[in-house]
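Labels run A, B, C, D, E and F following the written order; every chain starts at residue 1.
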Amino acid sequence: MTTRNETRLERGKRQLARIDGEGGQRVIEALADIAPDFATYLLEFPFGDIYSRPGLPLRDRELATISALAAMGNAEPQLKVHIQAGLNTGLSRQEIVETLMHISVYAGFPAALNGLFAAKEVFAAAEPS
Amino acid sequence: MTTRNETRLERGKRQLARIDGEGGQRVIEALADIAPDFATYLLEFPFGDIYSRPGLPLRDRELATISALAAMGNAEPQLKVHIQAGLNTGLSRQEIVETLMHISVYAGFPAALNGLFAAKEVFAAAEPS
Amino acid sequence: MTTRNETRLERGKRQLARIDGEGGQRVIEALADIAPDFATYLLEFPFGDIYSRPGLPLRDRELATISALAAMGNAEPQLKVHIQAGLNTGLSRQEIVETLMHISVYAGFPAALNGLFAAKEVFAAAEPS
Amino acid sequence: MTTRNETRLERGKRQLARIDGEGGQRVIEALADIAPDFATYLLEFPFGDIYSRPGLPLRDRELATISALAAMGNAEPQLKVHIQAGLNTGLSRQEIVETLMHISVYAGFPAALNGLFAAKEVFAAAEPS
Amino acid sequence: MTTRNETRLERGKRQLARIDGEGGQRVIEALADIAPDFATYLLEFPFGDIYSRPGLPLRDRELATISALAAMGNAEPQLKVHIQAGLNTGLSRQEIVETLMHISVYAGFPAALNGLFAAKEVFAAAEPS
Amino acid sequence: MTTRNETRLERGKRQLARIDGEGGQRVIEALADIAPDFATYLLEFPFGDIYSRPGLPLRDRELATISALAAMGNAEPQLKVHIQAGLNTGLSRQEIVETLMHISVYAGFPAALNGLFAAKEVFAAAEPS
């Protein structure tokens, strides 16, 4: 997963492209004129460090991310980026829907509903399943 | 996973025993004198309905549960029950630790730290790994 | 309140129509192509089980719902549906406004303000008081 | 409810004693050596202003408070004070239990469980029902 | 900071105008037809009481407000009003950006990103720095 | 503030010792047997990267941290560590108390109360002011 001598920033860029695709790239670009250093941290710590660790596959990391963001219910743009990231890393649409339904038990029905409607938008914008 | 003619309540009891073990049973018993109907709902909806669905294995459901509860950070007793439930349904200690470290990206370092310290207590009380 | 031999799903449909009216029906329909089983759960557990219980009138249940959703502050669509549901089940506009002002003490002024502005939209869309 | 010429502080003290009883008084005393001005604000704004308003009876205000605090799940001491305040202002034990069960729909089962266990402690410490 | 004999309401109006400028005035006006008493409370308690206290300068109070609202992540309109208020009371754009980046440690990267994008909008609407 | 050629980890250790003192060191040690890599990340990203940035003094960073943690209300151990860190980096007891009182406006009275009682414990354990 990691190339020898790759810096954290390089590894983070590679992982972001693989995981979040265009959605991630747009976030990095949107930071350029307000907080370019934060774009660097975002690439380095979440993607260069955490997502690059062995011990939990990317598909499982996205399942955890979708679950956390849907439960918190206050970060809709990031939830959508990571529903797409889940599709990019091996989660099926059905698994994402099951995860969001599951959240109703722990964070209530509104959190689950808002997560499902976010997934509906992401699925509609993606290629046909 | 589901036996023909089993009621939701029966299926929920079977699933709770399998997933949460003694921790789940203690919750049901603690409800007996304050809200016995809620014990029934807890068995029927989360365990009889949601955890009994195909489409996402129990191991993945516990990964989602641990992630959601650690991110919300306001339900420590339930987080501990589900860290044990994760061990019961196929998550390794390493996978649970990775999930909790992962949460730092989405809910901050304190949420991850409090989740890791909850896991430390659960692991210490369990059989040696 | 409950008709003999009615299933949970039938009772839930009847309660949803009575409580949430068109707003609730739109949620059920929006789930049809993404998570139809979740529409069933939503009818069965919240409406067929919880809202159908004696011991707390629907008007009080909506007061509790409005208070919880306004305090959490992360489920605006559901807050609006339940402000309308409050009107449908016996809360006056004044009581809803008082509840939302009250929330400032427990969840802060922004939560109260966002709840009041949600109520303003719902009241404007409803028949004149 | 309001005596002519009473100051906000006097009215707040009267309301706090009526609503929260000893639990409220202990909070005021605990603030004396760290933030005595905050004790004054607590008496004046929540109790002198908000709880003293007509338009929503104290029993309904406590129902809203219990619902909000149980849903937020991060203020257990205050939740317990207001479960007792609910009993003091006309909510029955059954109504409080129904409210806390109701919260499972909007904030998840852990929030409802932690609220019910808080109620169990408060009820046990109160006079027999 | 406080003029002798000024009422809490008068002091609050003066402070709101100084701190939040037009954004604050629009909130007061928007409350006029739904909850005019709440406009009074908003002027009296947060602005007439809290923001008028000595012991912490307005610049520091806005730093605390921006940090709290960005961390909670569920009050975007108020966050924007207070990013502008931060500029009005002596915080530089750089200090606001640093505060929002800092929040990533305690509330996660999505909370920081959403705060930074809110700041980007407010800065774009303000006079050129 | 930064020594040439210092690694992120070295800088983070230096900053943690300066800011959080013994409280921070205990957290690092408690992670040793459950998630030693997370101790490294904690030193590197929050302390080696964020707290080491120019543009916002440590005193202001702790004011932001205290405000965020008190508003979220779900990380009491970390709130206490950072109230001590505030004292270590130049906040007076009065400024910390003002910040926590200020939070009542944005996150409600219970969040402010729980923050003030946390401060009371930290102040009592520290040297006399």
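Throughout what follows, contacts are C-beta pairs under 8 Å (C-beta built on N, C-alpha and C of every residue); 3 or more make two chains touch, one makes a residue touch a chain.
Not measured: the values here are computed from a predicted model.
In terms of the stated touch criterion, the partners common to subunit B and subunit E are A, C, D, F, listed by label.
Judged by shared residue numbers over all numbers used at their interface, subunit A and subunit C contact each other through mostly different positions, with under half in common. Annotation: B-D is the more contact-rich of the chain pairs D-E and B-D, by number of C-beta pairs in contact. Using mean Cα coordinates as chain centres, the one most removed from subunit E is B. Centre-to-centre separation of subunit A and subunit E, using mean CA positions: 31 Å. Rounded to a whole number, the gap between the C-alpha centres of subunit C and subunit F is 40 angstrom. Among the residues of subunit B, those in touch with two or more other chains are 37, 41, 45-46, 50, 53, 69, 72-75, 78, 97, 101, 104-111.
Considering their complex, residues 72-74, 97, 100-101, 104, 108-114, 116-117, 119-120, 123 of subunit E touch subunit A.
Residues 104-111 of subunit D touch subunit A in their complex. Considering their complex, residues 37, 41, 45, 49-50, 53 of subunit C touch subunit B. Within the complex, the subunit A residues that touch subunit B are 45-46, 50, 53, 55-56, 60-61, 63-72, 75, 78, 94-95, 97-99, 101-107. Across the interface of their complex, subunit C is touched by residues 27, 30-31, 33-35, 37-38, 41-42, 46, 69, 72-75, 77-78 of subunit E.
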